[in-house]
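First chain A sits with chain B, and in the next complex the same chain sits with chain C.
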Partner chain A sequence: MSRSIPAWAITLASIAVVLCAWVGVTEGGLVRDLFLPSPADLWSGFLELIDEGYKGRPLLVHVGDSLFRVGAGFVTGVAAGTLLGLAMGYLPKLDALAAPFVEFLRPLPQLAYLILLIIWLGIGETSKITMLFLAALPVAAVAARDGVRNVPAERLRVAQTLGASSWQVFRHVIIPSALPEILVGARLAAGIVYGTLIAAEIIAGSSGIGWMILDAGRFLRSDYVFVGIIMLGLAGIAIDRALLLIEKRAVHWAGR
Partner chain B sequence: MQSVRTAPHDLAAADPVARQTRAWSERRTRTALGAASVVAMLLAWWAASATHMVRPDLLPSPADVGKAAVEVITEGYRGTTLLQNIAATLGRLLAGFGVATLLGVPLGLWMGSNRALHAAIDWIVQFMRPLPPLSYMILLILWLGTGDLSKSTLLFLTAFPIIVAASAAGVRGVKLQRIQVARALGAGRGAVFRHVVLPSAAPMIMTGLQIALAAAFSTVVSAELLAATDGLGWMVISASTFLRNDIIILCIIILGLLGVGLASGLRAIDRRVIHWRGRE
Partner chain C sequence: MLLTRRTTLAGLGAGLALAGRARAAAPSAVNIGFFTETKPTMLAKGEGWFESGVGGKLSWTEMGSGADINTAITSGSCDIGLSTGSAATAAGIAQQLPFKLIGMVDNIGPAEEMTVRTAANIKTAADFKGKKVATPFGSTSHFRLLGFLKTNGLTQRDVTVLDMKAAAIVAAWSRGEIDAAYVWAPAKSKILADGGTPFPTYEALDKAGYVIADLIIVRDAFAQQYPDAVTGFLKAYGKALGMYRAESDKTADIVAKQAGVSPAVALADMKEYDFVPLAEQVTPAWLGGTATDPGKFARVLKGTADFLVEQRSIKTAPALETFQKAIDTSFLAKAIA
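What follows is the complex of A and B.
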């Protein structure tokens, strides 16, 4: 079979085929460039965005605005969620009290409560970052709680037998054992926050990549729409890979 | 899921009957505490609105929300009843998610067992997966119009890469020894696939389906916020333009309960079907 051809070569060939089909379809006039701009249009659109920015703001400012919102919501939400989750895992009573709200919030479509947050907090950054905070919090909390719960009981007992105080057990046994799951939860939360942010910018925004995509779409600038989507896709992959790298570095003991 | 950590020094833990009773009583305590905290939250909400601590136009009282519920169930909201809106949202969700499952699982299984196909397609899946669905909604509207087709396609594209990636990863994660043992014992390709690969990959596929359903649920509401004339998302955005906060809160509660219901429904199927999960 294909055992002799390396996987990367097939991937490259497949990318080449898709690009060729794209060029062929657009240059051959099979679809209008309104529906699908050609790669050349995309490139010139990209250069235009870099040179002139979009609607009075440089492209980098839009990217920066989006990243700032994602970062702020992610960091605060994951920090608060992890603390809550650690406490929930350690104290079953607290878990019982908080679980209904965490379980309710977790599958709730974030944009539904964004509307309420806009009414309460105004349409500025606060409501968006609060929404992202609320999107990250339950995911991180559930991951941290399950991480604490899944600490093997023998490990706790060994530490206790050796005379460790409850704080020492928590600090030196529970946290390291739960860390792999906490980091997996953080990566999951990052994906959710990232996806939600763009949606939020589309509903209520005046800057950011999500807003740029929607606004360009309204003016039928599909080249800008495509540039925005490709940037989002690449940034999403980069964020995911970066967190995966941190995960591997930070918890080199995972799986052992 | 609700793991009950039995203290090992407890002699009762050794006795299965005592352990069962203990688990029951712990579960009862848990449910009671959970119910108590929900009731406390409702009381706090009621007290906050009854004492006018928060402005009623910002936070309607529980009674107002209850009244709004009766109103939208019996009379409907701007011509559509609550049930019609729930059905519209769920219908879109199931159409997109259902097609994504029917196509995504076979494709993922195939990709998992065929290296060349995996190399050819995986980059597309990896690019699609972290892409926020609403970002390409505008393109779908351009291509397919504002009707249900573009929304169902959006949900399909939300769920599809997640399902494909999970199914492929499930197959690729099957231990080679298992396959070799089965082959050595004389199993053919079909038998290996049915009796070794599929059961080993199934837990991961089911996990992928759960993540995909959650993502699609969240996307359907966003899509309805952007362009729709019915559905729960539409209800929320429309209520917000008329400053009907009671209806917004009602919709949020319904959406939360629906989300919990969908997630636990799929988890229950998971437990039924993949009874070997975690015992491999």
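What follows is the complex of A and C.
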């Protein structure tokens, strides 16, 4: 076993191989920088963005705006969705009431109602965050509902036999039992909110990383597009890891 | 043995088909990137003139912007770009994309213009300070708007410039969220009718060199393979321009049907554009000129590209000569012959 290659080494090697291929293909002049900018192009594009910003705004403002939108949409959407889902799981009548709307909204592409959001809510942050909120809510709701439904019946009965009130059962038995699924739902929702960011930033842009990628793409500024994509990708991994960490801390008992 | 023979036969068949295609003067399928618009282009499209001029089946794809046409041509999925804006074309030439500019649909003139909300009380350029102005980024209107700001000593710190598609501009306007918009018809007529006032910028900007036009571009490889089809395409547009000049009402009827508007709207829209006849397009007053003695439009494209570099939309702009070389008037010359 001691001679086998550790996983991190394989990861590093795979990144190194892709980087080398990238350098080789671009520096060798095999492809034009329009199609694939070289790492050096990318780096100088990145430094340019840091020095001068993009279209009148510093790069950090673009990043901050995007993170604020993702954060606000995620937190409000997951909070509202989880509360709704918990209630739906606990009260079958409420489930019957709300399920059609949640189920309808969940697979709906956000771009479909983009123009409606502009007409109803305008072009400011409200419409952008609402779009992200609507992306997160149904995912979190379904996860929480299923979490409540999957609580083993004997756990409930034991608590009831011990004389717990329904609120106590809900607070001390159902919520902790459903927590693993709620957190998995939250991670799923984070991915979806993140994926919706570009659609949200189409609404009357001029700020945000998603908008920057769209705008740079119009004139085939591939270097800025790649910088934006790499930043989005790395931030996405960071967000997912952070949620995973919270999940491990909060529900360390899950699966045991 | 059987398998081998079959493979050989199939290979032979494919070879014959290929040879047949290379010999054919007309392409079997041509991809056109276009915009639904109220212009004589829709007459030539609706009456099938483009199709018979090219001599092959046309596949029409509605594009979101001139930038989309550039991208599609670069990837080889678009052969002819119809009515693409001069800003996108200048950027494409600067980036050495594989296309040639072969003709003009129109000189945009005052058809794209600033509209201000009457209630916003904007009378002079200085009144734009602190206001919100929307335009579709990357478009010819965007280029004009930025030119307007620059020539009046305004920056994007003084004025909030918002990137919105035409439909979104109409929606935001109806909610009173923007104070002005630089856009084209039909969005322009809608916001004018909804509490808007024209704010003329065209004449001053045209003099300052911010000329914008809608163009016809063709993918290099396609033009080399099917020069006759390209000429036929321009001829069809020339025929539509001729009919518009002779019978504008009848033209408006057909254009209106294609664009889904009323004939009155189609006619009013068309009157805003300057439809330059093909015979004039070929002169140095527009597209004509040589690499050593470039005409007007090469200068317009060079000026546009330089401005886009200043805006950091593109990295660099080549010399004037490159822009003239990217204009190929040989098809126009054949079309009017």
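The definition used in the following text is that the second predicted complex is superposed on the first by the 250 of 256 C-alpha atoms of A that agree within 3 Å, B and C clash if a C-alpha of one lies under 4 Å from a C-alpha of the other, contacts with A are read in each partner's own complex, and residues count from 1 in each chain.
Everything that follows uses one rule, which is that a contact is a pair of C-beta atoms (placed from the backbone, for glycine too) under 8 Å apart; a residue touches a chain by one contact, two chains touch by 3 or more.
From a predicted model like this one, the values you see are computed outputs, not experimental measurements.
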item	value
Contacts of A:S14 with chain B and chain C, given as first, second, both or neither	first
Partner chain(s) touched by A:P92 [first = chain B, second = chain C, both, neither]	first
Touching partner for A:G236 - first (chain B), second (chain C), both, neither	first
Which superposed partner A:P107 touches (first chain B, second chain C, both, neither)	first
Touched partner set for A:F219, first chain B, second chain C, both or neither	second
Contacts of A:G56 with chain B and chain C, given as first, second, both or neither	second
Contacts of A:R157 with chain B and chain C, given as first, second, both or neither	first
First (chain B), second (chain C), both or neither touched by A:W211	second
Which superposed partner A:G195 touches (first chain B, second chain C, both, neither)	first
Residues of chain A touched, compared between chain B and chain C (which is higher)	B
Chain B/chain C common contact set on chain A	34, 115, 118-119, 202-203, 217, 220
Touching residues (chain side chain A, partner chain C) in the complex	34, 48, 52, 54-56, 115, 118-119, 122-124, 202-206, 211, 215, 217-221, 223
Of chain B, residues touching chain A in the complex	3, 5, 8, 26, 29-31, 33-34, 36-38, 41, 58, 115-116, 118-124, 126-139, 141-143, 214-215, 217-222, 225-226, 232-233, 236-237, 240, 243, 245, 248-249, 251-252, 255-257, 259-260, 262-263
Touch list for chain C against partner chain A, complex	65, 67, 70-71, 74, 88, 91, 95, 97, 134, 137-138, 155-157, 160-165, 167-168, 171-172, 174-175, 177-178, 308, 311-315
Touching residues (chain side chain A, partner chain B) in the complex	1-3, 5, 7-11, 13-15, 18, 34-35, 92-93, 95-101, 103-113, 115-116, 118-120, 149-150, 153, 157, 191, 194-199, 202-203, 209-210, 213-214, 217, 220, 222, 225-226, 228-229, 232-233, 236-237, 239-240
